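Following are the structures in question.
Presented sequentially are two complexes of chain A, the first with chain B as partner and the second with chain C.
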Partner chain A sequence: MDSRRLPRTVIDPKVRLVGFFTSGDPPPARFNPNTADATAATAAAISSSSQNSDINLTGNSLSPVMIPPLRRMSPRRCDEMQMPIGSYNPSESLLGTSPSRRGINGPDFSEVATSAWLGISGSMKAAASFPGSSGEMMMVGKNGGNALVKNMDTTELAAKTVPGVTEKDGGTLTDMKNEGAGTVRHQKQMTTRAERRAIQEAQRASKAAAMMDGKGGKSIASTGGGAPSISNQEKVLKQSQKKDGPQETGATSEKKVSRNPDKDRKKDIPQPRMQFDDKNRVEKAKRRAVVNQFEARNRVELFRHLPQYEHGPQLPYLESKFFHLDNIHPSVYKVGLKYLSGTITGGNARCQEMLLAFREAIIDYSTPPEKVLVRDLTSKIGSYVSFLIECRPLSVSMGNAIRFLKNRVAKLHHNVSESEAKSRLISDVDRFINEKIIVADQIIVQHAVTKIRDGDVLLIYGYSTVVEMILLHAHEQGKQFRVMVVDSRPKLEGKILLRKLVMKGLSCTYTHINAISYVMHEVKCVFLGASAILSNGTVFSRVGTACIAMVAHAFRVPVLICCEAYKFHERVQLDSICSNELGNPDVISNVPGKEDVNHLANWADHKNLQLLNLFYDATPSDYVSMIVTEHGMVPPTSVPVIVREYGKDQFIF
Partner chain B sequence: MPDVQTLVNDFVLKLKRRKIEGSQASAKQTAELLRSVVSQQRLPYINQATVLLDAVRAVGEQLIAANPVELAVGNIVRRILHIIREEDLTSTASAMEGLSLSANSDDDDNYEREDHQALSAAAVAAAARSTLRAPSLQTLLEGIPESASAPHPSSSGGDSEGKSKSAERSSRSKKLKHDVIEAINELIQDIETCHEQISEQAVGLIHQNEVILTLGRSRTVKEFLCAANEKKRSFRVFIAEGAPRYLGHVLAKELVAKGLQTTVITDSAVFAMISRVNMVIVGAHAIMANGGVIAPVGINMVALAAQRHAVPFVVVAGSHKLCPLYPHNPEVLLNDFKSPSDLLDFGEFSDCMDFSTSGGSPRLHVVNPAFDFIPSKLVSLFITDTGGHSPSYIYRLIADYYSADDFVVRRRSTTS
Partner chain C sequence: MEPNNLPNPNPSTDHGISAYYQTRAEHHAVVTSDWLAQAQAAVTRNAAVPEVLPKIAATGGSRAAGSGKAFSVIDEFNYWRKKPDLAEAVAAIMALAAFIRSSEATTMMELEIELKKASDTLKSWDTTSISLSAGCDLFMRYVTRTSALEYEDFNAAKLRLIERGEKFGEISLKARRTIAMLGQDFVFDGSTILVHGYSRVVLEVLKLAASNRKMFRVLCTEGRPDRTGLRFSNELAQLGVPVKLLIDSAVAYTMDEVDMVFVGADGVVESGGIINMMGTYQIALVAHCMNKPVYVAAESYKFARLYPLDQKDLAPAIRPIEFGVPIPSGVEVERNARDYTPPQYLTLLFTDLGVLTPSVVSDELIQLYL
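And then the complex of A and B:
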């Protein structure tokens, strides 16, 4: 096994930035006590040299793609760490239940003194030279660490060694985060790492070929590892830790949670969307509606299931109604009006504004007498949401955020005081905004920037905030590249982005979507944003994205979709028609800045003429080369995996 | 002939300034101009065809150079060169006919048949060689009766030709020019009526409740759709507006006036809608010899989307758009670039330009190409005025309209 896998640990990182990988498993002999004994002798000799390479190895092997984390070694190592800890209760720990916990190295353990084992496992944790172990390492360091220490104390097993180890863990983590490359600060840790290294060296000595490979790779690795890339990968590491959590705790947490899982699943299935070709329901909805909607005159037959309203008169109507709508919180009202007028667009901005409005509403909320906070607040939020839907249909990102918030409200305990509940909810909202949007964007930027090289020509479409951040960040790093800004009617969002980029000093080329086949010849890479990514890998994004991706695919240009994981959804969609949003058709008939194009001036008078202003389209997954999320860079086929693995913790934490 | 020269100069200027738009207009005007060139050309008694060819070629070269992207001009020049060659050939053949009829009258019938069969092939080959025309089924069919009756002169070739020419010199000198002008008139007629001939095929291709998508505006497409509508077919049309010229709006207005169910969509929504479309019908700027199409910008995107959803992609074009050239890098070499003001107003980014020019080259470029190239594999069918053709057949169609000698107009004229 190791002869095959060993060279893999030192492969040049550039080769395997994309896609799945199985990181090199540490040779099993490492756990052999005999070799462990031998470590002390060789430790000092190799320590200095091995440390550097170790850390570089860590940096390199932590490819941005961490899904799935290696499963073969990690459970075993968890076992090894837990085996000596007799009283350790698996159900309480994140490390607890793993499917492959079948006592793999059971016999070995019985022979070994526990303290020695802990020492070795500790050293492994500290060294973190194995990419696969990094996730576990982090877990032990952060989550498991305390529990481990506690358990150690109670069981009185190797009381001295373990706290030392955990300390070292913490030290390593901070060390690596801060400085990336190895420092000589932690002498203790060095020796432990050296021990392990020595074992590895002894292993390698027996296999000449493998060693040759290893050295070649090592030299590349040590020269290639740069500080930013390591810090970047550190973040991935964090993510991988998160990801490992639910996988291994899945069983326990489900058992622990008293709810019936089926019930939960039922709840998770989204409500069927309103179909506007159903006359009865539309009538009902109209009676309930706050906003007075006027049906558009020339409706497109194919889209009768979607709301098609006149876009002119709602805004003044709503504005005039401002003082009559008591049940809507003013901040929510404000956001609704902004949606309606189109002041706020874009999935992130809309979601963020909505959450902030809800936050305000929660701050101002007080439970009416004879009502329960949980129920009342949920219904309040529900009414806000339906108001917002009337202003503009929800995006997937907003839907996910609302689901999260409602979940949090529902999970509030009955005996929690009102102020306590409110402050909890507010901190939840803040954390959602911070973790799912702001930090996620930063991580995405750091992933995506690695794909930009000097001399590249990058094509972008429309205005995506994440893509803008990526380009600006790459420009700040001093990368020389050109940007093709492709734009399309009627929104012409690209102009805004173009202005921002040109102001920052990037060299840009501007064109419209029809000329995409002409400009695609020189394009190296396409960066696109997304409104939502659906479980079948379909990318739901601003209209035209599918065209761009299709042409790029035809010209063999890679397409990178940059999207935060909170926009993922378990829904599936095959076309752009079943679920979409229709904009104001009037903007198609008049072309701003071109008075001579007025052939469709009074188009609504012709009953045979319809104008269709689609907002979104669905890009088939085979046009997408890669999706950049905060969890790494994944192929579109991995979307359901992310939805499954993160969907849980998105609403549980 | 100063008057012809001024006409030519006028036309060249118009082409250069892109005053003439659309291949049909430029094709028609080119043909009319060349007709007057031919009619005003004074012909000597011998080598009339060569003189005429040279004259047309000289003018043609100027016209092609004036707007090399407007391939219809070159097509018409080549068509007229081809016409002159054809007319020369037929007039020569008919002259031979007169001679050979008297010579062959006393021959044995049976023997004559066989002899004619054998010789006719040689005559056809000689005729083909003399015009350097690609051998074609049509010439074979047309050539057999003519050359079959003239076996002896064709075999005895050049020396007898001089004699026969001198015999009918006066009649032929007028006849060639007259025939050529007649043929050019026919060509102009063809260009004018190509829409009707194309739209006659509409009913056979559009069924009831069909959903058709098109991009921009092409007159041929408009006539095609209207013809189907007049025949009481009811179908709906999606029109992508075709930025940055927005001719789709014009087409939508015209079709609505005819009572067609029309929906205007943005260009970016093409992929979203193509899955519900039964057929894509677009016009073309030119059809290249390999079956590739040069069409208004954006159509390649439509073609790719159509291919993805297995929607038939039909190109309607008159035969004057058939170009005998094989494209090389057509996106760049056979493209026109329009004003960037179509996309960005000149004032709009002036504040950014102040410091963006500091590095020497400006930081902001605007690309506004006029044409797309659609490779032949994306095209399902060509509808021309001679019927429907598959892309792989286009090279063959071209051999009917052009002689291989004229493919490069310039080289010939510079050497002569």
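And then the complex of A and C:
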């Protein structure tokens, strides 16, 4: 795919044109003539093939995001447009779209992420760094007239409310939303390339200024979308999610998105379609632009559809903003910062912390006058979710929990008093945490310890809370077994688990993932955790899990995945590329503790060098022997059965 | 079962087709005397098992006495088991259904507890039998998985339970016939079928196929040490089906000329694999390697909530093995009577729920245990 895109890649890295251009618009003056020609050519090609004529895909040549597959997406985009906006229901948003379109901008597997992504994409656009998303929005707008109109109206409404709500640098967010909605289309037609270029330049300058203040740039994932096919689908998905975002969160989400001014956005580079009626947004984009430019040069082509955040620099700034919040509940803000800084990791922990923060927010919530509790609370939750997404893309566990919460909110009767409603919601949240996480873990432990026998050698990878519980429980039962802890850079999460196990007296061996084929011959059984399990039995887990499972399969060692049922998803994913999460590439280049290993210290200077730090990977179901859930031990083929049977009455599994 | 009485298993050209059909007509649907004798022997053999393990007999007796009722579930069980062609699990199911009917409990809770006790009694009759425990468990789930339990009126609820219990019993009784009807479709004219172990379900399938005038021949493995092959081939010969006996080691040798492999199952586990007589795994591996389909005929009450990861994950069923000569001391004998065949080597399962792929087993179990 990369080779296919090469002819279209940015010729001048500094001048990468991200986003869609309206066909016929002259490229921004900044661009080289040849790129302009290329873009015009591609735009022509694309517009001819797609029903959208307005979307200018010339950006393709300039931005990795612009991938021809967009063409094919147009019919789907129509579907996307039909999807209920503001719904975090992954099935709803996903079923309407092609399956590959997931988490375009890198949020993890949940649709929630993607819909929240819409919010983000709004902000990204503001940063002019989201060519893909904007392009798609535009495409969609152009395509499905009716559907689009509906969406656009909503987004327009949302956009209108935004200005009133801005408190953070929300301008960009607002921009995004507006862009996403019909306004995008209108705006695009209105601004010429030269104007856009000028705007981008201004944004970049302001971004540089902002950077001086110590804010990090937020690099929202380039909408580019990796492989052309993937990007198409992702774009469609993103678009649908974007639609969801604006509707649901409205102003607040935009605000939340603007919360990411510090995140580097990939698309800081000239943003052809920015809506520039708000000076704030321009400023924001400028600030972002500067940082992004630096980042963008070394992003892996294949993963341009995923957001890449640079966390460190903006943390102090965000912390200082703690007391200036208006719309975000402090506990939600805290949780978001914890995600950002990596203090909370792991599917269960993240979901639990998020739900507890929401619980606090619900306790403190009071319906504003003349508003209906159900709708207002839903939009508030949506805004919190957008904020959390900006901090870190949602995991499937979080997505399902959010879906559950929204369903419970939606099911509240109108005539229920506020305090009653709140107490019901709080008890629902408590019940969810208790049933789906705590008790489920206990049941899983009971099932899984039956598979551990005396004299076994078990192999575990990374740090999964459930696997830890299983091992400790088996040890308490007095079983004699050895544990092989496999770890991998850069996270080195195995060390934490190793410490805990050794403290309890288990005999452990610690090794690096490079050595698994060396040690696998003596392993009796492999225990792995999962971040999500998809309907075709594919297991999404920490990167490296697929390697372990594959080697274990080759050695005919059974692989047990221990996962609570609320992490199941009806989505299907075939590879690790279309939906994933990118981390900070700098941690790859540095080896902590070995300062002499600094060959990659200036990796960013090399144009041909790209560093990739993936968080997740997909393990095919062939390598999985059994999945242990609270519903028992099931084969991987039974995941859709559980999704089907337990999902319909409880909105969650 | 003298081999001399068996008709020539390989119909030669001078016999012609007519001989096959001639003898078939005579034996069609007739329970031959030596078949009955065989069945009786099977019953007494099974009854002999508890004597070998005195513990079970003692507990069985004490349980019967300890139940304190005129009705003893074990007695009922034994009554049902006397019918020669009834499987143990079906006998247990019928016994449990009858138990509900004759129970004197006055509350639903009490009835459930008694039912559980009766079920445990039956399961302990043969702790190594997977189909028995699976059948009892499934019966319990099926019967109690009804909203009838919410009824205020105990009698109405009990009637509902009885109804469900007898329905389940009837399904299980008819299971073999259902499977036979489904399975005989897969036997085509001129096919060669490899059979392992003595499964009454497979026999039923082949009987029905033969009575439908299908021309096929059967290769039977010897099935040491139980000599299942000899018994099975006797049955088939009386049906007039051409049979060839192989020693267990000759399976790979003859696999080329085999069109499909038919086996029964002691139990079907949640992964979709089966637990069957020792040797089934070997045959399934060879068949898989040579791209021959492996069909399993198993009733649905054999679906067990087990999930073995490997061969040693099962509780072994020890059977005595006679080598004919004394074993030198210091030499161990692998006496396990059954093995586990993973689902990837199985093609289809013929059950009374239909013709299923192995992955459907878990689907059904999840729905039942919902």
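The rule is short, and it goes like this: the second predicted complex is superposed on the first by the 354 of 653 C-alpha atoms of A that agree within 3 Å, B and C clash if a C-alpha of one lies under 4 Å from a C-alpha of the other, contacts with A are read in each partner's own complex, and residues count from 1 in each chain.
Methods note: contacts are C-beta pairs under 8 Å (C-beta built on N, C-alpha and C of every residue); 3 or more make two chains touch, one makes a residue touch a chain.
Source: prediction; values computed, not measured.
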{"item": "Combined model on chain A: chain C and chain B, fit or clash", "value": "fit"}
{"item": "Chain A: partner with more touched residues, chain B or chain C", "value": "B"}
{"item": "First, second, both or neither for A:G346, with chain B first and chain C second", "value": "neither"}
{"item": "Chain B versus chain C as contact partner of A:G529, first or second or both or neither", "value": "neither"}
{"item": "First, second, both or neither for A:T637, with chain B first and chain C second", "value": "second"}
{"item": "Chain B versus chain C as contact partner of A:P393, first or second or both or neither", "value": "neither"}
{"item": "Touching partner for A:N608 - first (chain B), second (chain C), both, neither", "value": "first"}
{"item": "Contacts of A:G336 with chain B and chain C, given as first, second, both or neither", "value": "neither"}
{"item": "Smallest distance from any CA atom of chain C to any CA atom of chain B, in Å, after fitting", "value": "18"}
{"item": "Residues of chain A at both interfaces, chain B in one complex, chain C in the other", "value": "none"}
{"item": "Chain A partner contacts - residues on chain C that touch it in the complex", "value": "270-272, 305, 307, 309-310, 313, 343, 359, 362-363, 365-367, 369-370"}
{"item": "Chain B to chain A touching residues, read off their complex", "value": "241-244, 246, 249-250, 252-253, 256, 259-273, 275-276, 297-298, 300-301, 304-305, 308, 331, 335, 343-345, 348-349, 352, 356, 361, 363-369, 372-373"}
{"item": "In the complex with chain B, residue positions of chain A that touch it", "value": "300, 302, 487-490, 495, 498-499, 502-503, 505-519, 521, 543-544, 546-547, 550-551, 554, 575-577, 580, 588-589, 591, 593-594, 597, 599-600, 603, 606, 608-614, 616-618, 620"}
{"item": "Chain C-facing residues of chain A, complex", "value": "451, 525, 558, 560, 625-626, 631-635, 637-638, 641-642, 645-646"}
